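By written order: A, B and C. Residues from 1 in each chain.
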Amino acid sequence: MSFQAETGILTQVDGSSQIQSQKTKIFCSVTGPIEPKARQELPTQLALEIIVRPSLGVPNTREKLIEDKLRAVFTPLITRYLYPRQLCQITLQILSSGESEQEFTQREVANSINATLLALIDAGIALNSMCAAISLAISSDDKLIMDPNDEQLKAAKSVHVLALELVESSTVVKNVLLLDSYGDFNEKQLFDILEQGEISLLKLGKEIRSIVESKIINSNLIIQK
Amino acid sequence: MSRLEIYSPEGLRLDGRRWNELRRFESSINTHPHASDGSSYLEQGNNKIITLVKGPKEPTSRSQVDTNKALLRISVNITQFSKFERSKSSHRNERRVLEMQTALVRTFEKNVMLNLYPRTLIDIEIHVLQQDGGIMGSLLNGITLALIDAGIAMYDYISGISVGLYDTTPLLDVNSLEETAMSSVTLGVVGKSEKLSLLLVEDKIPLDRMETVLAIGIAGAHRIRDLMDEELRSHAEKRVANASSR
Amino acid sequence: MAKEIEISNSESKFLLEALRQNYRLDGRSFSQFRDVKIAFGDEYGDVTIEMGKTKVHCRISCQITQPYEDRPFEGLFLISTENSPMAGPQFENGNNTNEDEVLIARIIEKAVRRSGALDIEGLCIVAGSKCWAVRADVHFLNCDGGFIDASCIAVMAGLLHFRKPDITVHGEQVIMHPVDEREPVPLGILHVPICVTFSFFNPMDTEENIKGDTNAEITIIDATLKEELLRDGVLTVTLNKNREVVQVSKAGGLPMDALSLMECCRKAYAITEEITDKITYVLKKDEKRRNKFADLLTSENARETS
């Protein structure tokens, strides 16, 4: 899975990132910790507001579903007890979905997770650990495709999104954060997905780390000047 | 549909006016003394508008309190029966009406001495009973009159008017038939100056004609200011006479 | 709760004093428009506009629907300008009744839709039963002032760039040809409106502004966010290259002399010309990039070599 990412591109928010992988292009912004509305406030921990905006049309149930999946991934990842009675606003703007919007959300979910992680790091929100996500598909001849494009998704027998929690400098997988599968597949294939997914997500985790590292080195250089 | 002759070769408009003539302008103030602190009823052509000013009064909620100046709030109620054909929806939350309210608030914010009334709310309620073109200008006139009736300090009158442009001829104070047939400009002029507080153009007008249109508009607005002034003074005289006879 | 952006007293005093001495914080002159960067995406009608730090993305899309009953010969055109907290925490998600947001939406609507920039009659396919519905989704990514100006450029550049799939009509039956089978067709654009926003500052007291005749008010073009927060009045002029005023909106604010407002319109025209040319230039460049072999195929080329 190849992708380009950039962080710290927006000025009015605390953290931001832009990610492009094939034809999928997503902007993510993070603002927080800020004062929440009364109904969002949690007495002991950080509240999350996740907003996903589609590139075409108005947000509807499809975007709500993506928001829910992201919430499931990031709720255990953020060190929420550090920010009681605070709010973190995560906004994702999909510029180009890179898949048929009526049928699939896989590419958007996987890339949104990676973009959100980068933006959270850029915003300096405390995290328990790293994560990485990828979309997968099993083609009609039972081959596993990593990061499938729109045509491959359409031709696939089943489609999946896998997000893993990575620890110890992204060398060890701690937990499965999300495994979301649709279509026709058997047990062996599912384990295959976990196995193969793990290998490429560990690689992806390193890539994400190197993006963050180079960002930190650059900002240190600026400070030293 | 027969085509209307907006401006005849003899120089007459649909309602028999010349290009530089205003519509009938009649106004009265203190029309609702029990319902409000200041009120006006305005007829500009077939526009009929009631304006009520309530305040300066205690703000209804804590969040509205500004320790430095008064809060100005304007709500415009365009009645469903205000046009020839009854409209199906109440116009309350239409974007167009919200925009009008915002524009009116921002116009009067700079002209009312709000700093004299800290921690208060000035509430202006407008009811449009009938509309016949150039409504925005009439709203400005109605508010000016009602604010003066309420005794709220202002720097100067604000008079509003719309000017249409028919081919190359500017037509002063357009009615609704003229307004739909051509593009028009709405102005809000401060007193007898050439300063514009409000300027709205919603349709295409050649850039090089703008200046003449503005000039005619300003002249018309000054005339309206005088008409309002006349009404206010005669009203004041009546009141003084009443008070002294008691 | 949309969090209001606050600006400190010392910062606002500094900015106003600088304006009084003819300086702006970003070093521009008073009548200088920020450099506009226009970038197209892979798809048709995918545009990103950058003006300084302001960043706006616009995506044009279309589909076939039924026209309105009272307008059977016209297609549908909708511009959606919804704000999200991405542009700054002052914007609330899904709540677009904020005064400024209503004004932005209305001005774009008047400038582009009501002025007939898009030929909606050309969107009709079968009168009364089928037509194109064109939709422009404007996304505000980063806010540093000039949203109206930037989104107007974004929508117009997007419309000019967009191609809709070619169709064949057999009576009531419509065949839509996929983009890779037949060259898609551009939309009919009748004129290109460009918005230019002026901000007014009053360096003296209110009475001087209303009663005096010094006309010392400061006028700047294309304000940044900080300047927008502190300004006393605003004027948005929309013009096109045909010297037509498409829309003017000075919704209250600091009273300004009519002649200086006219002067603003004239200044806006020069900027309009410049930006329109810029849009045409980038469109041509993009066209060339997309169709590398067009030059080889044209007959002009053949004549040159002979």
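Note that contacts are C-beta pairs under 8 Å (C-beta built on N, C-alpha and C of every residue); 3 or more make two chains touch, one makes a residue touch a chain.
This structure is a prediction, so every number in the text was calculated from the model and none was measured.
Colleague: Which chains touch each other through the most C-beta pairs?
Modeller: Highest contact count belongs to chains B-C.
Colleague: Going by average Cα coordinates, which chain is farthest removed from chain A?
Modeller: B
Colleague: What chain is most central when centres are computed from CA atoms?
Modeller: Chain closest to the assembly's C-alpha mean: C.
Colleague: From the mean C-alpha coordinate of chain A to that of chain C, what's the distance rounded to whole Å?
Modeller: The computed centroid separation for chain A versus chain C comes out at 32 Å.
Colleague: Just how far, in Å, is the C-alpha centre of chain B from the one of chain A?
Modeller: Centre separation, chain A to chain B: 54 Å.
Colleague: If we count contacts the way the header does, which residues on chain B are in touch with chain C in the complex?
Modeller: So the residues of chain B touching chain C come out as 93, 95-96, 98-99, 102-111, 155-156, 185, 188, 190-191, 193-208, 210-211, 214-215, 218.
Colleague: For the complex, give me every residue of chain A touching chain C.
Modeller: So the residues of chain A in touch with chain C come to 9-13, 16, 23, 25, 27, 29, 31, 34-35, 37, 49, 51, 53, 55-58, 89, 91, 93, 95-96.
Colleague: Which positions of chain C touch chain B when the two form their complex?
Modeller: Within the complex, chain C touches chain B at residues 97, 99, 102-103, 105-106, 109-110, 114-115, 206-207, 209-211, 213, 232-233, 235, 239, 243-259, 261-262, 265-266, 269.
Colleague: Using the touch rule from the top, collect the residues of chain C that touch chain A in their complex.
Modeller: 1, 3, 41-43, 46, 48, 53, 55, 57, 59, 61, 80, 82, 84-89, 93, 135, 137, 139, 141-144, 225
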